[in-house]
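Each of the next two complexes has chain A plus one other chain: chain B in the first, chain C in the second.
And now, the complex of A and B:
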C-alpha cells in the first residue's frame, strides 16, 4: 500500500488548479490537506520500520526488462517521506499567501504537487530504474517551477541551467545505474545492497561509481556543478524553500546515502565524497558570507550544507550515518523556515537586498523572533537542533577511518564553515531587523504578515527548538532506522544535547566564539574586493552552451548543405561503412552461387533487360529518355515478379512505376530537355564508384539472405497459418495486415510523415519567398559565375 | 474512366485477403485514377469532381487503421490481435479488424499519393503557365 503515497500527489495535481480562483489563501490551506494526509498515511504505514523492518511491494510493469514498479519503505525513505510531506504541507499553505495576488497560483501548486509525487516516488522506489524515472521527473518539474515567471529572462536562464545540469547528470546516472544493475545481476535495491562485496570487486565498479556520483553531484549542487542552484533562486520562494533546500537537492545525497552500504568502504568512494563534499561545504559557506541577496545567501548556505552531508557519507562510520540522518532533518527544518522568512520579508518590503533592508524589528516583531530561532539552529548554537546535528558531524570527522590527515582536514573545514555560518547568520539578522530603518520599510507600511503566512516558517523554526528540548527520544526513534539504512549494519542511536566535555564540544564552542568575534566585521568581509571569477560558474556554463550550439550549427551546415546529391552521397557512404564493413567481415561466407537448372530463356531475357535499362538511363542525353529507361527497368522487375509468381508485388510494382513516371514528368517538365554536365569529371567518377559499390553491396546482401541456411525460413509458417489464423488465402496480404500489422501501421505513418515533409517543402516556402535560407544557398552558386562573366 | 477505376480499386481492396490485391494496391489504383483526372482536366476540375482534403484523408487513414487494433486491448490481448465477424457479408466477404485496418491503409495511400501529385501540380515555380491558363479556361466553362 505504498504506491498511493505517490499516486495521491500526482493525481491531486490537477485539483490544485482550483487555486486560480479568488480566495486563494483558503483554497491553498485546503489543498495543504493533501500533503498532510500523505504525511499521516506515511506514519500509519511505517509501523514495521520503527522495529527495524521495512515495507515492500511490487507492481508488475515491464517484467521482461526487469522493470517493475517496486516500492520500499525503510528508515531512510521514511525520514525523507516525512520531510517531503510535512514541509510540503506548510509550503502549500504558505504559497497561498505568497502568491495570493497571482492567478497563476493554481498552475504553480499543480507543478508543486507533481514534484511532490515525483520526489516521494524517488525516495520510496525499491528498484533503481523506478527511482531513475522519478529522479528525472523531479528535474522536469523543478524546471517548470524555476521557470514559473517565464516572462523574465533570468527565470528562463535559471530554469534552463538547472535542467541541463541535472538532466546531463541524470544521463550519467542512468548509465551508472545500468552498470550497477549489470554487476549486481538485479535492479532491485535490496539485491544491490546485499551484493556489496561482489560489487566492490567487480570490473565495472569504478565506472559505475564515477557515473553515479556525477548524477548525484549535479543534483546536489556539488563543486563544480554548484552554480545552477543560485540560478534556481529565480523560482518563487515557496518553490525555493521546498525544492532547493529541503527536498530535491537532497535527492543526490539520498542516493549516495542509500548506496553507501553497497558501494562505500573503498578509497574511490569515501575519499571522493569526503574531499568534494568538504570543499563544497567550505567554499560555499565563505561565498554565502559575502552575498547581499537574502535568497542567494541562503542558496549558498544550502550548497554548503549539501557538501557537509556528502562529506559525512564519505567519512563514514557510525557517527557519519547518524550525522547524515540528523543533519538532513535539522537542515530541512531551519532552512525551509529561513527561505519562507526570506519570502515574507520580500513580500512585505518588496526587496530582499540586504543593503536596502534594515530596522524591521519595530515593524515585524513576530517575524524577527521566528527568524532568530531558525538562525540560531542554522548557526549551531547550543540547545538548538542544529547544534545536535553539528556535534554529530564533528564526531564523524573525529572518528573517521580515512586516516588522521583526513580527520584533521575535515575538522578544520567544519570549524571554518561553522564560523562562516555565524557571520552569515549575523549579517542576515542585523542588516534586516537591526540598524537604521530603511527606506523600503518606511514607504511600504511594513507589518507582520497574516498569521497563515507565519505558520509556514513558524512550525519548523519552533520545532528546531522543541525537538532537542522535549522530543529527542521520539526523534531518535526516527533517526535510528535511517542511520541503519545508511550504515548498513544495526546501530543504536540516542541523540543527546550533552555528551560531556569532549573534543567535538570544544571545537564547536571555539568556532562559536570566533564566529561572534568575526561577526562584527561581517560587512567588511562582504565588501572585500578581489574575489576570484571562477566562483561564477554560471558564466562559464553560458559560454559552454553557446559553443555547443555553434558547433551543432556548423555540423548541420556541413552535412545538410541543401543539395540532394550531397545527401545521397552521405547516406550511401554511411551505409557502406556501417553495413558493408560488418558484412564483409561476417556475412560473405553465406553467399552461395548455384544456377537454377530449370532456368527459362525468357527469364534470362527479362533479367538481362534490367542492367541494359540502367545503362540506358545513365547514358540518356535527354530527361525524357532517362524516364523511359527507368520505366523499362521497373517494368522488367514487375515481369520478373510475375514469372516468379508474386502477383501482389508485380501489381504494386507496376502501379508504382506508373505513378513515379507521372511524378517525374511533373517535376522534369520545368527543367531543360537535355542534361548538362556541371560537375567535374572526378566528382562523377567518385559518384560512379560509390554507386557501384552500393549496388554490389545491396545485391550481395539479398543473395546472402536468400541463400543463408543458418535460420529456419519463415515462409512455411506463414503459408500454414495464413488461412487458419489470418482467415485469408492471400498470404502476402495476411502478413501485411495481420501477422505484421504493426509494421504496416508504422509504414503508413512514415508515408504520412513523408507527405508532411513534401508539403512543408513546397507549400510553407511560398509565403516567405526568397528569404528562406535554403533558397539563398541554392541560388548563390548559380549567381556567382554570372558575375565573373561580366 | 474514373468511376470504373474507382470500382476496380475498391474491388482490389476487398478481395485482397484471399486474392492478389489489398490496401496498398487498391490505394495506388485509386490514386492513379485521381491523378489521371488531374493530368487530363487540371487540378481545379479534379478537385471539383472529388472535393476531398487529401491531407486529412491520409491522416484519417492512419487513425482509422490504428483504432482497429484497440478492440484487442480491451479484451486483454496484445494490440492488433485480430477479431472476425463469424459470418461473411454477401458481396463484401469476411469482415474482421485486419480488413478494416487495410481500409485505413487504403485511405492513407490514396491521400499521400494524391496530395503529393496535387502539391507538385499546384507548385507555381513548377507550373507558372498552366495555372495562369487554367483560370480563363474555367471562366469560359462558367460562361
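And now, the complex of A and C:
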C-alpha cells in the first residue's frame, strides 16, 4: 500500500486551487493536513523498515518493456519520504502566510503538491524506469515553481536554465539507466543492487556510470552545472526552501546513494564523486561567503552541502554512509528553516539585500532567536545536530579507503568549508540583526511575523537543537536503516554528541576557532574584487543558448528560404544521398538481364516513345507543344498497361489522359503562349545533372527490385480468394471495392476535397474581396494622392 | 523487357525532377503530371513480375489463368491514377487563379501576397 502516498499528493493538487480564495492563511494550514497525513501514513507503513526489512509492491504497467510501477520503502526511502512530507507540511502552511496577499497561491500550492507527489514517487520507486518518470516530473514542476512569477524576465530565465540543465541531465540519466538495466538484465532496483559484482565487471559499466553521474550532477547542482541553482532562487521562497534546498536537489544525491552499493567500490565511481563533490563543496562555500543577497548566500551553501553529500558517498565506508544519511536530515532541517527565515525577513522588510538590512534585533526578537538556532546548526557548533553530522563527515574523510592523500585533501576541504560556513553564518546574522537599524526596517514598521509564519522555520530549527539533546536514540533508529541501504551491508548506528577526544573533534574545534577569528573580516572578504561577470556559469550558458538559437535560425534560413525549387532540390539531393549511397555500397544485387525472346517491336516502340516525349516536353517552346508531348507520354503509359495485362488500368489511364488534356488546354489558354527562360544557364545545368542522377537511380532501383525474389508476392492470395470471398471474377475490381474498400473510400474523399477546392478557387473570382490585376493597378495610384487633393 | 521499363521510368523521373525545379508554373505542373506517370509505372514493376496476355481475371470456378498478372499493384495504381488526376485538376485551378491575380507564370512572383 505504498502508491497511495504518491497518489494522495497528486490528487490533492487540484484541491490546492482552493487557496486562491481569501482567508488564504487558514486554507493553507488546512491544506497542510494533506502532507501531514502522508507523513503519518508513511510512519504507519514503515513498521518492517525499523527491523531492517522493507515494504515492496508492484503494479503492472508496461510489463513488456520491463516498465512496472513498483514501489519499495526501505531505510533510505523512509528518510526521504519523512523529510519530504514533514518539511512539506510546514512549507504549505508557511506559504499561506508568505503569499497571503497573492491570489495565485492556489496555483502555487497546486504545483507544490504535484511536486511532492513526484518527489515521493522518485524516492519510493522500486524500478529505475518508474523512478525516471518521477525524476522528470520533479524537473517539470520545479520549472513551473521557479517561473511562478512569470512576468519577470529573471524568473523565466532561471526557470529555463534549471529545466534545460536538469532536463539535459535527465536525458543522459535515461540512457545511463537503460544501459544499467541492459547490464543487470532487469530494471528492478532490487535486481540491480543484487547484481553489483556482475555490473562492475560489465563492458557497459563505464558508460552507464558516466551517464548516470551526469544526470545526478546536473540535478544536484555539482560543478560545473551548479549555476542553475542560484538562478532558481527566483522561485517564491517556500518553493526554494522545499525544492531547492531540502528535497529536489537531493534527488541526485539520493540516486547516487541508492546505487552506490551496486556501482561503488571502483576508482571511477569513488574518485569522481569524492573529487567533484569536494570541489563543489569548497568552491560554493567560498562563493557563499561573499554574497549580499540572503537567498543567493543560502543557495551557494546548499550547493556546498550537496557537494559534501556527494563527496561522502565517494569516500564510502561505514562512516560515509552514516554521514550521508545524517547530513541529509540535518541539512534539510536547518536549511529549510534558514530559507523560510530569509523569506520572513524579505516579507517583512521588503528586501533581502544584506547591505540594506541591519539592527533587526529590536524589531524581530523571535525571528532572531530562531535564526540563531538554525545558524548554529549550520555552522556545526557543538550540541547542535549540524555538529553531529559534521563529525561523521570528518570521520568519513579520516577513515576513507581511497588512500592517505585523498583522506588528507578531504579533511582539509571540510575544514576550509567549515570555516567558510562560520564566516557566512556570522555575516548573515550580524548584517541582519546586529549593527545600525536599517532604513528599510524603520520605514516599514517591521515586527515579528504572525505565529503561523514562524511555525514553519521554528519547528526544524528547534528540532536541530532537540534531536541531539533528547532524541538521538530514536533518530539513530531512522538513520541506521538508511545507512544500511547506502552501505549495502548491515551496520550498527549509534549517533552520539560526545565521541571522546579524537582527530575529528580536534579538526572541528580548530575550524570553529579559526572561523570565529575570521568572521570579523567577513565584510571585507565580500567586498574584495571577484571574478569577472562573464566567467559565471549562467552567463556562459546564456551565450551557449544564444549561439544555438542563432545557428538554428541561420540553418533554417539557408534551408527554408521560401522558394519551392530550393525545397525540391534539397529533398531530391537528400534522397539521392540516402538511397544512392547504400545502393552504391551494397550494389544492385543479382540482376537478371537475360534477353526476353518474346520481345515485340511495338513494345520497344511504346517504351522508347516515353523518353522521347519527356525530352520533347522539356524542349518545347510553346504551350501547345508541351501539352502534346506530355499527352503522348500519358498515351504510351496507357499502351504499356494494355501490352502488359492491365486492361483496367489502360482504360482508366486513357480516360483520365483525355480529361487532363482538356483541362490543360483550358487553363493554359489564359497563360503566356511561349515559355520564357527564367533560370540562368548554370542553374539549368545543375538541375539537369540532379535530374539525370535521379533518373539513373530510379531506373536502377526498378532493375534491382523487379528482378529480386527476396519477398513472397501477395498476388496469389487475391487471385485465389477473389471469387470465394469477394464474389467477383475481375480481381482488380474486387480488391478496390472489397479487400481494400476503405482505400477507395479515402480516394473518393480526396477527389471530393479536390473538387471543393477547385470550386472554391473558381467561385472566388466573383467574391467581393477579389482584386483582378486591372483593379489593383487602378486603385494603387489613387491611394496616395487622396489627401493632397483635399 | 524489364530493362525497357526501367529506362522509361528513369526518364520519367529525370524529366519530372528537372521540370519541377523550374520557375515556370506551367512547367511545374507538367513535371507533376510526369512524376505521377513515373510513380505509377514504378508501382507496376514492383508486383509479382510483369506479364503478357494474362490479365488478373478468374474464371467461373475462381481459377486464375496461368501466370496471371499481379492484381494488387494494379488496384493500387488505379487508385493512384484517379487521385493524381484530382490533384492535377486542383493544381491547374490554382494556377489559373494565381495567373488571374498576379498575371505571371513566374513562381518568384508568388512569393508575396501584396498583389492579391
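Rule of thumb we're sticking to: the second predicted complex is superposed on the first by the 560 of 790 C-alpha atoms of A that agree within 3 Å, B and C clash if a C-alpha of one lies under 4 Å from a C-alpha of the other, contacts with A are read in each partner's own complex, and residues count from 1 in each chain.
Following the convention adopted for this analysis, contacts are C-beta pairs under 8 Å (C-beta built on N, C-alpha and C of every residue); 3 or more make two chains touch, one makes a residue touch a chain.
This structure is a prediction, so every number in the text was calculated from the model and none was measured.
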Touched partner set for A:572, first chain B, second chain C, both or neither: second
Partner chain in contact with A:735 - chain B first, chain C second, else both or neither: second
Touching partner for A:670 - first (chain B), second (chain C), both, neither: both
First (chain B), second (chain C), both or neither touched by A:124: neither
Partner chain(s) touched by A:656 [first = chain B, second = chain C, both, neither]: both
Contacts of A:183 with chain B and chain C, given as first, second, both or neither: neither
Comparing the two partners chain B and chain C, which touches a greater set of residues in chain A: C
Chain B versus chain C as contact partner of A:216, first or second or both or neither: neither
Contacts of A:644 with chain B and chain C, given as first, second, both or neither: second
Touched partner set for A:755, first chain B, second chain C, both or neither: both
Shared chain A surface residues [contacts with chain B and with chain C]: 647-648, 652, 656, 659, 663, 666-667, 670, 729-730, 732, 736, 744, 751, 754-755, 758, 762
Residues of chain B touching chain A in the complex: 16-25, 28-29, 31-32, 35, 39, 55, 58-59, 61-62, 65-66, 69, 79-80, 82, 84, 94, 96, 98-99, 101-102, 104-105, 108-109, 111-113, 115-117, 119-121, 123-127
Residues of chain C defined as touching chain A within the complex: 1-15, 17-30, 33-34, 37-38, 40-42, 44-62, 64, 68-72, 74-75, 77-79, 81-83, 85-90, 92-97, 99-103, 105-108, 111, 115-116
List of chain A residues in touch with chain C within their complex: 562-565, 568-569, 572, 593, 596, 598-599, 603-604, 607-608, 610-611, 614-615, 617-618, 623, 626, 630, 633-634, 636-637, 640-641, 643-649, 652-653, 656, 659-660, 663-664, 666-668, 670-672, 675-676, 678-679, 687-688, 690-692, 694-703, 705-707, 713-716, 718-720, 722-724, 729-732, 735-736, 740, 743-744, 747, 750-751, 754-755, 757-758, 761-762, 764-765, 771-773, 776
For the chain A and chain B complex, residues of the former touching the latter: 647-648, 651-652, 655-656, 658-659, 662-663, 666-667, 669-670, 725-730, 732-734, 736-738, 741-742, 744-745, 748-749, 751-752, 754-755, 758-759, 762-763, 766
